[in-house]
Structures are given as structure tokens and as C-alpha cells.
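First up is the structure itself, then whatever we jot down about it.
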Amino acid sequence: REPLQSLGAGEGALSIVSWAGYIERGETDKNFDWVTEFEKKTGCMVSVKTAATSDEMVALMNEGGFDLVTASGDASLRLVAGKRVQPINPDLIPSWKTIDARLQNAPWHTKDGVHYGTPYVWGANVLMYNTDVFKGEAPTSWKVVFEEMHLPDGKSNKGRVQAYDGPIYVADAALYLMAHKPELGIKDPYELNEDQYKAALDLLRGQRQLVGRYWHDAMIQIDDFKNEGVAASGSWPFQVNLMKAEGAKIDSTFPEEGVTGWADTTMLHVDSEHPNCAYMWMEHSLSPKVQGDVSAWFGTVPSVPAACKGNALYGDEGCKTNGYENFDKIKFWRTPTSKCSQGECVPYHRWVSDYIGVIGGR
Amino acid sequence: MRSSHSQSSGFGLKLAAGLGLAFLHLPILLIFVYAFTAEEKSFQWPPPGFTAKWFAVAWNRPDIWEALTLSVKVASIATAIALVLGTLAAAAVARTRFFGREVVSLLVILPIALPGIVTGIALRSAFSMGDIPFSFWTIILGHTTFCVVVVYNNAVARFRRISGSLIEASMDLGADGLQTFRHVILPNIATALLAGGMLAFALSFDEVIVTTFTAGQQSTLPIWMLEELIRPRQRPVTNVVAMVVVIVTFLPILAAYYMTRDADQIAGSGK
Amino acid sequence: MTAAVSFSKVSRHFGTVKAVDAVDLTVAPGEFFAMLGPSGSGKTTCLRLIAGFEQPTSGEIDIFGESAVGVPPYRRNVNTVFQDYALFPHLNILDNVAYGLMIRGVGRAERHRAAEQALEMVKLPGYGTRKPGQLSGGQRQRVALARAFVNKPKVLLLDEPLGALDLKLREQMQEELKGLQRALGITFVFVTHDQGEALSMADRVAVFNDGKIVQTGTPHDIYNRPKTRFVADFVGSSNVIAPQAMQALGGEARWTSLRPEAIRLVSEGGVNATVRSTSFLGASTKLFVDTAIAPLALSLPAGQPAPQEGETVLIAWAPADLHTMEDAA
Amino acid sequence: MTAAVSFSKVSRHFGTVKAVDAVDLTVAPGEFFAMLGPSGSGKTTCLRLIAGFEQPTSGEIDIFGESAVGVPPYRRNVNTVFQDYALFPHLNILDNVAYGLMIRGVGRAERHRAAEQALEMVKLPGYGTRKPGQLSGGQRQRVALARAFVNKPKVLLLDEPLGALDLKLREQMQEELKGLQRALGITFVFVTHDQGEALSMADRVAVFNDGKIVQTGTPHDIYNRPKTRFVADFVGSSNVIAPQAMQALGGEARWTSLRPEAIRLVSEGGVNATVRSTSFLGASTKLFVDTAIAPLALSLPAGQPAPQEGETVLIAWAPADLHTMEDAA
Amino acid sequence: MTASAQTAVLPGRQGAVGRLSDLFWRKPGLLLFLMLTPPLLWLGIVYVGSLLALLLQSFFSIDEFSGLINYEFTLVTYGQLLQPANFDIILRTLLMAAAVTLASAAIAFPIAYYAARFAKGKWKAVFYLGIMLPLWSSYLVKVYAWKLILAKEGILTWLFAKLYLTWLLDGLLAIPVIGGNSLSISYIGTFIVFVYVWLPFMILPVQAALERVPGNLVEASGDLGADPRQTFRYVLFPLALPGIVAGSIFTFSLTMGDYIIPQIVGTSRLFIGQAVYAQQGTAGNIPLAAAFSVVPIVIMGLYLALAKRLGAFDAL
């Protein structure tokens, strides 16, 4: 399918599949609203369907009926391969030039030189911890969530750490092994051969003994930190910011092993019924104001460097705190495929079923 | 039943029944308490403070009203259709013997005997196979399917209790089939239909599982609550809504109880 | 004059069960006609055929000369008082009684007036606002009656309307029913399994057995001149004497019936009998005696001293009380 | 000899309703004792007091000399045959009958043997594997009986056990019951509202009214020497003649009863009477006549020709048949 | 009284309605057919049709990478059900459903028994409301309330601490497998919430069954020498059994299909409902979801056959 060659009038409506908190119209906090203005400007009325995992996004897009999706790297290429999204024409998006150079040709939205969407925002899966338990001292390693040990408050970490309830978390284990078991030769946590994969699963099985409940959804994780005595977990800056704002004794850190992360792309459905509105939104989404506001709300890093300066909500320190400079340390989510630089790797569907098994105690 | 000494209950039974009822209600009390909590996003015990502001907040949130309206509409229409279908099936099964009676009663029970998620994905995959877009009517379709059974059960029990000679008596007195239905059958099953209808309404009004699969992008009240609880903006608002629903439905439930109870006594004494 | 109800060779079979089997029957207008017979003999089915709830398998039913074939119950000018009354539980007494009139489109005020009158007739004035559940059995029965005759049907069918009442109430209702029938002049067809009731109330009685009518006649006929052993035994409790026994007694060698109250104790010249048991019934005492030929039951009027069990007595009867019957059982 | 059951000043009040009111009562061992009375007169409540389902509000109940106060039903050696049988629908007939034995821990084989025997006794051998729903009313009644007496209780309580049966079956069951009682020698306490049943079956009868016992005595006593107007009227249907009327007839100025069957038609020298109505009852014909002093009912034996309605007749009775009563109603 | 109609056969109602009534009277089969058509169309065609459509899907497979369905007949998907991880899910769910059903029956019985046999007048209404109101209050909000009750720093912990019973709670949580770090993160917690949420669905049919037991059967049993406990064991319980079975149809099937409770209160180990939900909703693997849902269909099929034998349908 050929990308759109010229922009027409808006179709009056636009529906977007997005992560929670990515598309706000001021309902939660009046200050965070980047939809109302767009609707006023273009006449495209926006409806949003939130999804909790990348897999859910893929399922929703397969089902159809949406125009845009804010897909992370572990979903984007699947969408391209499944022909659920269409190439876009950057010429119709004036702000394309302002995008961070590191992201313009990122592999998770570019295939054979063709772009399948505009970068939205990116961020890292940080290590969130309870400052009381850690006595103000940030943990330096992911070890606190992977191996049984005594935390600084003198008690075991057993039952007091969490891990993400999504198969992509296998990559976090691989990342940890990359640092602690160099003999496995892991180069990329998303490209694992059988041995490397088995080692990662073993690590995760050990972790199962420590984890009471895996976190699936951001708010339940917040509840768990508040009510269940959880001391440390991989998390999103979103939860960290929210809890800090409520005055909880919570902070986050980038451990020495590095972190995984996500870089999200606004992608256009192959059967989009409102392509003109969609292009208008992509343009809108790249404005420094929107980029800064989203980043402030969710704790992400904007894809447009201009947003790092002068956004009232994000502040001038926002980019730094959220890891603008750590771009190279972040292993962005990608869908593992069997064809990889090592030759043969374990594909994603095995990650899915094996991770269910690990959580189930297998 | 006569009351006398051998009929009085033991202390153990009283205790067990009392504890059971308490078990049913403690969480509801908690819902009420947390409708007034000063916390906003997630709850802690004990609540740090109390406020009544959530009522005003809930009142002013248009999304609640939208979800509520949709839920009421869905539940009303689903109940109405279920009333018609359930009554027809019950009348056919209770009043006549025909080949396949068993099949009908099994069919009616099936949607509630199979887990909701099965019903949900079955309908969803049928919609997608038939290229039926999600709409108000797809929700209704799902809800009616499992509402029929409660109406059916209530109606069938009542039909069995209406003495067959009532219908003959009516015909004997000159009423033809439709007049008999209008003047004798309908008034006699009315309270059973009311009870069944209320239960059906309640089921539909609180249904998440099937709805998730048949609603597409629309949110009924429970779907709204699910979104709200998973990604809270103001969590006490969900408690306010839940509490108001309980309070608002209290009187109709009580009324239905007294109405159906009287009817049962009369129908029972018809010999 | 055309018959109120006439059956000609009417049968109603349910599968292999011949509930009513080739019955011929004529009920005269204004008559009080009773159907008597054991359980399952087809009485109710006959009534239901007249009312139109059942259709005959074969045969022809006429009501006042008009064929009833294919006429639904709601178009027959015939009303039924059901055994279980079948009052509408959701309507009050007045509306129950006025139901038939309402269906015919009679206005509210008028039909309520008529219903009030009917209630007065059954001695329940002022009960109109109660619900059926608040009445006693006898009262309900009377309401059912009022509900039926307020429509002035040409035939009123009553299916064991007194079955559920206790003795005192029953006797009282029997008199009231009889009085009403006389007053209204409606044809009554009355089903009962109680011979006393049939005999004391009816102008004519039909005795049913096994889907067939065994005998039709006045109460006197039925009681005193039973046509078959079945009737003799069922209506009252006759001594049925076999042909051989009759011969031994010097009579005709035929099945013969002898009513217990026709046997007397005599001091001489009678038949020798030993008392097996006695049963005090108040107004009379029943004696079961063994004779050389056959065991017999006899009924002694009150006041006469009853012999003891085991005693030997002499018994006698008038030859006129011996009644010979058809051979069929 | 200790009484099987004795009540001394026993009352059972429900709120303001005095269901049983200061009743004194003695039932002798092995006796067939009937309780007779109109609906609501407290018969069932009395039985329930004996069985232990009710506790007396005041007074003392002894069963074979032992006080029954505070003894729960399951520890009384008394069994009940319920009016509606109360068979356990989930158990088959054999297990129903064996229930009491099972509760006492009798082994399976033994209790089934005993139950089989009991079923034979009530003429239902081989019915053990059926469920109660598959039996007719009369059969169920017999199962209820077997279930009760298989436990060899000292007292068997029967609450209108024949109420639901039709006449023929009822007469047959009456004989069987009486036979069983003689064979087993158990004390029977039998509730009925049918005077015929009470008179013909019982050794002694207690007549209830309004929670009180009005008269206790043998059937003959009760029938022929009613103590009060209520008894005279309830047991059979006596003519009750008021004191003034008696005086006018030249008798003693007291309430007097006169049985209908004691009145004869005479050709001369009797009292003038006009026939109001007649009712053919088979074994007799009932005549309602008006006299100058009071309306009277009389019963003519069968065979005697009955006068027509409106005819004037002469009636007479023997002075010995006039029975004076207490003033109380 | 009104003038009596003179004919023995009255004219019927005029017009289409009257003719229709006559037609129905003459042809009851037609009426029956018309009555049955709408419900049978709805349930027989729409619902059963959908189930069959679902069944059909379970014979397809999915392209693992793109998530698109491969419309070719295969049994591969059923093979996946037998993988240890998936088999665990099925077993876990069945055990939980069975436990929940038994516990619901145990808790429901005294309530239903008291409500059916002893509660009178006002108390009867209280019981009725007490059972119906929880049905009317939002399922989701109740479940979230339980999360707070069961949390490590939640109400139960607080209550046990106040009562100096913390040792009891700790002991409970120390039980292997069903215990855990806190009630809300353990099978015990999931179990409690399941029981709570489905309890009214057990009480109602049991109460109805008990109400149908004639009072004099209880007296008859006492009369024959059975003390109250024996009466319960030999008379009441067997007669209430169809009601319990009817209730268990609900509790069993509802537990088997729920995916919300175990996610909110539990150990992250999946149940069938979650697996179906995850496979179809988040993973888009409709064939596997369909295969998974065949499991409850088969189980409930067997269950219903058994229930029917016990006469539970009439007790629903």
C-alpha cells in the first residue's frame, strides 16, 4: 500500500490505541491536556482505547477499527510483519525534521528504509525501591530482585520484590546475565540462543521464589508498594512519579547492569478510516508542547529535543532525570525473532509460553 | 409451618448464619467507608482522613453519567427481551409436553452454566466471523443470552404452580386464548416476572466478563469501573458509585420481596 | 323438547385408555343429573367433553340441539364449578364472580351489581373485597358457584364440588345447592363418587364403571333395583347373593341383591346365623353374620339391642326385598 | 395399672388462642381412643403434645407413668402417623419403614427384614423398592402406618389418617386398622372429625370443642347419652328441643335431645306435623317436618313409603328416647 | 343480573384477534411452535451457533510472530493445551473451583437453612435483603475492597494484630502452596474472594430447596427417634442436595471462567479464565483461547449431565 501523497481535509474523528496516560484530555489533571486543543484545531474528535501490554495492542490492531497505535518496539515490527500498519510519508509531517537524530531511523519503526510511524516518547524500566527499606541508599544492582538476599533493613527480600508480568521481561533477566555471566556470551537481550535462553529462564525460576505477585498494571503495583510491603521492583517512571507526588517513600535508580526500555512509535493502521486526521495527530504529537507534557505526565523522554527546554510541566531537568543521556544504555524492547545475528534465536512465542510456565511455577 | 420447641434453632446454627451474613456484608461496609476517604488514587488501611467531596465529584463527572446511561439502557432492553423469550420458553415447557422439552431447558441453562468468558469469546468470534461491528446491540445480544435463564427459572416455577384449571376456568367463563392470557395468566405470573426481571437487570447491570468481549469501545458502568480501578484518577468515586447503586436499589428489592412473597402465598393456597 | 345435553356413542380415548367408551346419555332441561362411579370411571372426562376441554374421539355431542363439535369452551353457554374451585387468586371475590360478565363486555357498574346479587344468593354478601386466599373451603366453593351461575349458563357442570368439605358443611351445602338449582331452573350435571350425595340430591343418576354407563335412573331405581352386581355393590353396600346360594335358600338361581336394612332379626322361623362382628354407627348398628350359605351384612335400627359377637341369631327378610340382577358383573 | 397417657390440667395457648385449655384425659393401655371434634377444636394440638412437638403452656403430661416434661420427641417411645403421611420422598419404601430402626442403630439386614415384615402386615409386600411418589394415597397411608409400628411404640398417634381416602377405601382401612390394633395390642390415639369413624372404631371417644373436652365415654354413651347440646348435635344429627318446647309437649322443661331415627310415623295419637322436605338416602329417607312447637328431622327406615312434601303426618316417639342434657351449649 | 344468552353456542369474538384465538385453540401445535421459535432462534442459533464457531476456531492455529490466524485445520492448538504450563492451569482451576464450591456450600447451608426454616416475618425480609444486596453491589468494587482487606498491611492483619492473633495469620500463611507472603498474594486469598463473590449464587437455590421440604418431614424424623443432628444427616441434607448441586453449577462455572479476581488477588499464576482472556485479548491467539474454553465446556457438560440426574434443574 502506498503512503498518502497529499493531505486532505480532516475526517472529523480519530481513534487511537495507546498506553494509559499517553493521550490525556485533562480529565485527571486539568493541566495535562493535549487533546482538546487538537480537536479544536482540526475538528478531529479523538477516542482512545488503552491497552495494558504490547500483546494487547497487537491484538487490538489485528482486530481493526483503529487509526493509530502508540506501539512499543516489541509490538511495532510484529505489526509491520502482519501488515496491520502502513508506511507513512514523512513529507506530510513538517515536524519530522525536529525529531531526535537517534530516533529518526530507529530499527523498530524503519524497515528497508521505509518509515512506519513517527516516534512518540521513550523511557526506561527503572528499578523502583522503598527508601525506608534501603535506608536512603539506592541499590546499585538488579540483584535485589533476582537473587535472594538481605535488604539493608535486615530482612530477606523474599516476597518483597516484584517483576513485570509480561514475556518481554525475559530480556531483563538476559540483561542481568550479560553483566554477571559473561561466559554465556549474551550480546543483545532480545537475541538469545538456546543456552542463553535457558540460563535466563533459570534465573527467572529462581526469582519466582522471591516474587509474590507479578505486576501487570501500574496502579496495582502502586497498591502493592503501599499495602503489601513491596520493597523493590522494575517499574516505569510513571509509578515512581505518581508515588513520589503522593509523598510515598519511593525512589528509582538506573542499576549498573543497565536497563531495558521502550521507545514508542505512533503507527497508522493499514485500513485507517481517518488518515488525514491521523497525519494531523502525528504532526501534533511531535510538537514540543505535547512531547514535554506527555513526558512530564508519564515520566518519559521526548523524541523531540526541543521539548527538553522551556516546557512548564516537564521543567528543564526532566530530560536528564528521565535518562536522556542514557539512551545508549537502554536496551529498547524489540520482538525476539528466530532469525538473529547469532543465527538461530528463541522466538517470541516461546517467550510467551515459557514465561507463563515460569510464573506458574514450572 | 408450626412453630414450637422442636422447631427453634440451635445456637450454633444462629451463629453460623449470622457469621455468614456478616461475611457477605463486611466488604460492602468497607466500600461505604472508602467512599469517604481522603485518599485519591490507592487506598490504605486505616484511611488517613474523611471527606464527602467525592459525591460532588462523581456528580460532575460526565463519563460516569455516560456509562450509567449506557448500562441502564442495556440492562433495560436486555431485560425486556429476556422477559419475552424467557416467558415464552417457560410457557412452552411448563404447559405442554412435547418432544425436545429437555433440550429447551438445557439450552436455556447453558449460557449461565458455561463460564462467562466462554460465552464472551464465543459471541466475539461469531461477531468477527460474521463481520458484525461492535455496537449497543452486540452488548444487548450478549446480556440477553444469560438473562433469559433467570426469567425462565422464575416463570417456569410459577407456571407450574398455577393450577391448570385456572386457565380452563377462564375459558369456561367465555374468555378466548388471548383474553385468558391477558386477564389470568399475565396477572398471575406478573410477580414472578418482576422478580426474574429484577434479577436479570441486576445481572446485566453488573456484568463485566461477557461485556468486555462484546462492547468494543463502549463502556458500561462495570467496564468504566474496571478502567477506573486499573487506572484510577479518583478511586473513591468508584466506591461512591457502587454505594449509590446499592442504596438506590434497596427499596425496589424490598418491594419486590413483599410483592412476590404475597403472590406465592396466594398461588400456593390455590390448592 | 330438545335435550339439554345429549351424547350419542361418544368415546374419548387417551392412547389405549378408554376414558369414555361409546356413551349414550340424555340430560333433560332443568334436570339435576348426577354422575356416580368409582375413581377413574370417566365421570370427569364426560364433564370435560360437555364443557369443551376435551374433544370426543368419536361420537356426537349436542347441547340444546346444537352440535358442539369444534366449538371451543369459551363459546359454549355452559359453565363449570371445578373440584378445586379454580378461583383466580389475583382477583378479589367480586371480580372473580364478575369475570364472565367482564369478558362479555358488560360495564363495570352493572357487572359488579350482578356479582353482588349472585354473592347474596350464595349467602356471601359483603365478601366481595376479599381475596380467595382469605376464605374457607366452603366459602370458596360458594364463590365458585356464584361465578358460574352469574352468567346464566344453560347447563351448569359441577365436578365433585363438595369433595373437600367436612361432613357438616357438606350436608349444609347439599341443601343449598339443591335449593339454588330449583330457584334458577338451570340444568345441573353433577359428578360425585359419594352415593349418598347422588341419591339424596339428583333427579336422575347415571352410574359409571370403566368408561361406560352401567345404569341410568331415579335414585330409587338405582338403589332398589340395581341392574348389575356392580351397581348393587357400589350404591350402598348390598349383600350380593350368588345363584347357587339363592337356590339353596329356595329362590331363583340368579344373582340377587339384598339390602342390609331389609334383613331383620326374628325370634323364630328365620335362617340360622352367627354374628362375626358388630359395628356401632350411631343411628344403626351394622352386623356381619355368617350363615350356612353365605356371609351377610345387616343393619339394625338404633334402639334395638345388638347381639354380641359369637352369638347365634335368627334372621329373615321379605321376599319382595330380594332383587334379581343381570348376570354381568 | 398406670395410664398409657394422662393429661392433668394441660393447656397449650398460642398467644391469645387457647388451642388446648385445661384438659384432663386418661387413655388406658391397649385402648383404642378416638378424639372427635370440629375443625380447630384442638385435637391435633393434643396429639402434638403427646408426641412432644408441642410443650404444654401449663399442666402435666405423663406417658406410662413417666413425666413427659422437657422430653424431646425423639426420646419418647411414641410414634405418629401423620395426616399427610410425611413419607421421606428421597428414600424408598423399605428405607422409609426402616428409618426408625436405622436411627436406633439396628443393622442393615435386620432392619430390612423387620421392615419387610411390617410391609406384609399392611398388605404391601414387595413394594419396598418403590419411591413414595409411586404409590396411591391408600398405599402411602399404609406405609406410614408400617413405618410407625415397626418401632413397636407404646402409643401410636394417628391424625385423621383416613381423611384423604375415598369412601370404599376408607371403610376397608378402618377394618384393617382395627384389626392391627387388636393384633399388636398397642395403645392407639386416633383423631378424626368423622363421627361415624369414631363411633365404629373406638373403645372410647373424647369429644372436643373449643380446646376443651366436652364428654368422654364409650360410643354408645356419646351417641345415646350426649351430655350437652353440642355433643348431641355434633355426634349424629339430633333434634335438640328447647326447654319451653319440651314443656309445651308436656315434658320436663330442660334441653332435650331426640334422635331422628327414634321418631316414628303413626296413624293416630301422635303429634301433628307437616312435611317440609324429604331426602332419599338409600338405606333410609330423611324427613324434615314442622310441628307446632319446633321443626324436627326424622329418619324413616328403607321400605317404608315416604310421605310427599306438604303432606300432613302424625309422628310419635318413646319417652325413653328423650334424653335430657346439661344446660351448657 | 344480565339477560341470559339464549343460545347454547355463543358467537365468538369478532375480528382478527378472535379468529387468531380460535385458530390457536384448534391448533395448539401452532401456538407451541410460535412460542418456541423466538427463544430457540436466539439460544439455539445465535448462542449455540457462536459456540460452534468458537469450537471451529480451536482447530486453526496462529502465526506466532504476526499474530494472524492461519485458517487451516490442525490439532496443533489442542496439543498446546497439554503442555505442562497449560495443563497446570487447567488443574489449578479445577481444584480451585471444586474447593470454592465445597466451601460455598458449607457456608451457604446454615444461612439458607436459617432463612428457609426459622426466619419469620421481618427477619425473613432481612435475610432476603442480606442475600440480594451483595448481588447488587458492584462485583469489581467488592473485589478491590477485598484486596485492601487481605493486604499485608490491610484490615485483616490490623485486626489480627489488635486481637493478638498475628501468630495465627502467620501460621496460615506459612502453609506451603496455599500460603504466601500475604493473604492477598496467596491461593487462600483468591479462594476467599471467590467464595465471597459467588456465595449468594449458592444460597438462593439451597434456600429454595430447603423451603420446599415440608415441615412435617422434620417432625416425622424426630418422631421416629432421630435427634436433630440425625434429622439433618438423613432427611434435610439429602432433600437439599438438588439445591446444592444447582448452586454448585453456578459457583463451579463462575469460578472456572473468572479472570478478574485471580489477577487482582492472587499469586500471578494463571487460571483458565485468565488464560483464555490473555490468549485472546492480549496475545490475540484466538485458536488457543478457543481450545482453552473447550475445557470448561466439556467439564460443565459432564457436570450438567450429573446435575440432571440429581434433579438439580428443577432446583435452579
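Brief remarks follow.
Chains here go by letter, A, B, C, D and E, matching the order in which they are written, and residues are numbered from 1 within each.
As a working rule, a contact is a pair of C-beta atoms (placed from the backbone, for glycine too) under 8 Å apart; a residue touches a chain by one contact, two chains touch by 3 or more.
Model, not experiment: these values are computed from the prediction.
Shared contact partners of chain C and chain E, listed by label: B, D. With every chain reduced to the mean of its CA atoms, the largest distance from chain C is reached by A.
Counting C-beta pairs in contact across D-E and across B-E shows that the higher total falls to B-E. Centre-to-centre separation of chain A and chain D, using mean CA positions: 90 Å. If you average the Cα atoms of chain A and of chain E, the two centres end up 39 Å apart. The mean-CA centres of chain C and chain D are about 26 angstrom from one another, to the nearest whole unit.
Across the assembly, chain D contributes 52-53, 72-73 as residues in contact with two or more other chains. Chain contacts: chain B has residues 2, 6, 43-45, 174, 176, 179, 229 touching two or more partner chains. In chain A, 52, 63, 220, 223, 226-227 are the positions where the chain touches two or more neighbouring chains simultaneously. Listing the residues of chain B that touch chain E in their complex gives 1-3, 6-10, 13-14, 16-17, 20-21, 23-28, 30-31, 34, 43-46, 84-86, 88-89, 91-92, 96, 98, 104-119, 121-126, 129, 141, 144-145, 148-149, 153, 174, 176-179, 199, 202, 205-206, 208-209, 212, 221-222, 225-226, 229, 238-239, 241-243, 245-246, 249-250, 253-254, 257-258, 261.
Contacts from chain C toward chain B in the complex involve residues 51-53, 72-75, 78-80, 82-91, 99-100, 102-104, 131-133, 147-148, 151. By the touch rule above, chain C contacts chain E in their complex via residues 63-66, 68, 70-72, 74-78, 101, 106, 110-111, 114, 117-118, 150-152, 154-155. Within the complex formed with chain A, the residues of chain B that make contact are 40-45, 63, 128, 133-134, 216-217, 227, 229-233.
The touching residues of chain E, counted against chain A in their complex, run 63-68, 80, 83-86, 88-89, 92, 147-148, 151-154, 180-182, 184-186, 263-264, 266-270, 275, 278, 280-284.
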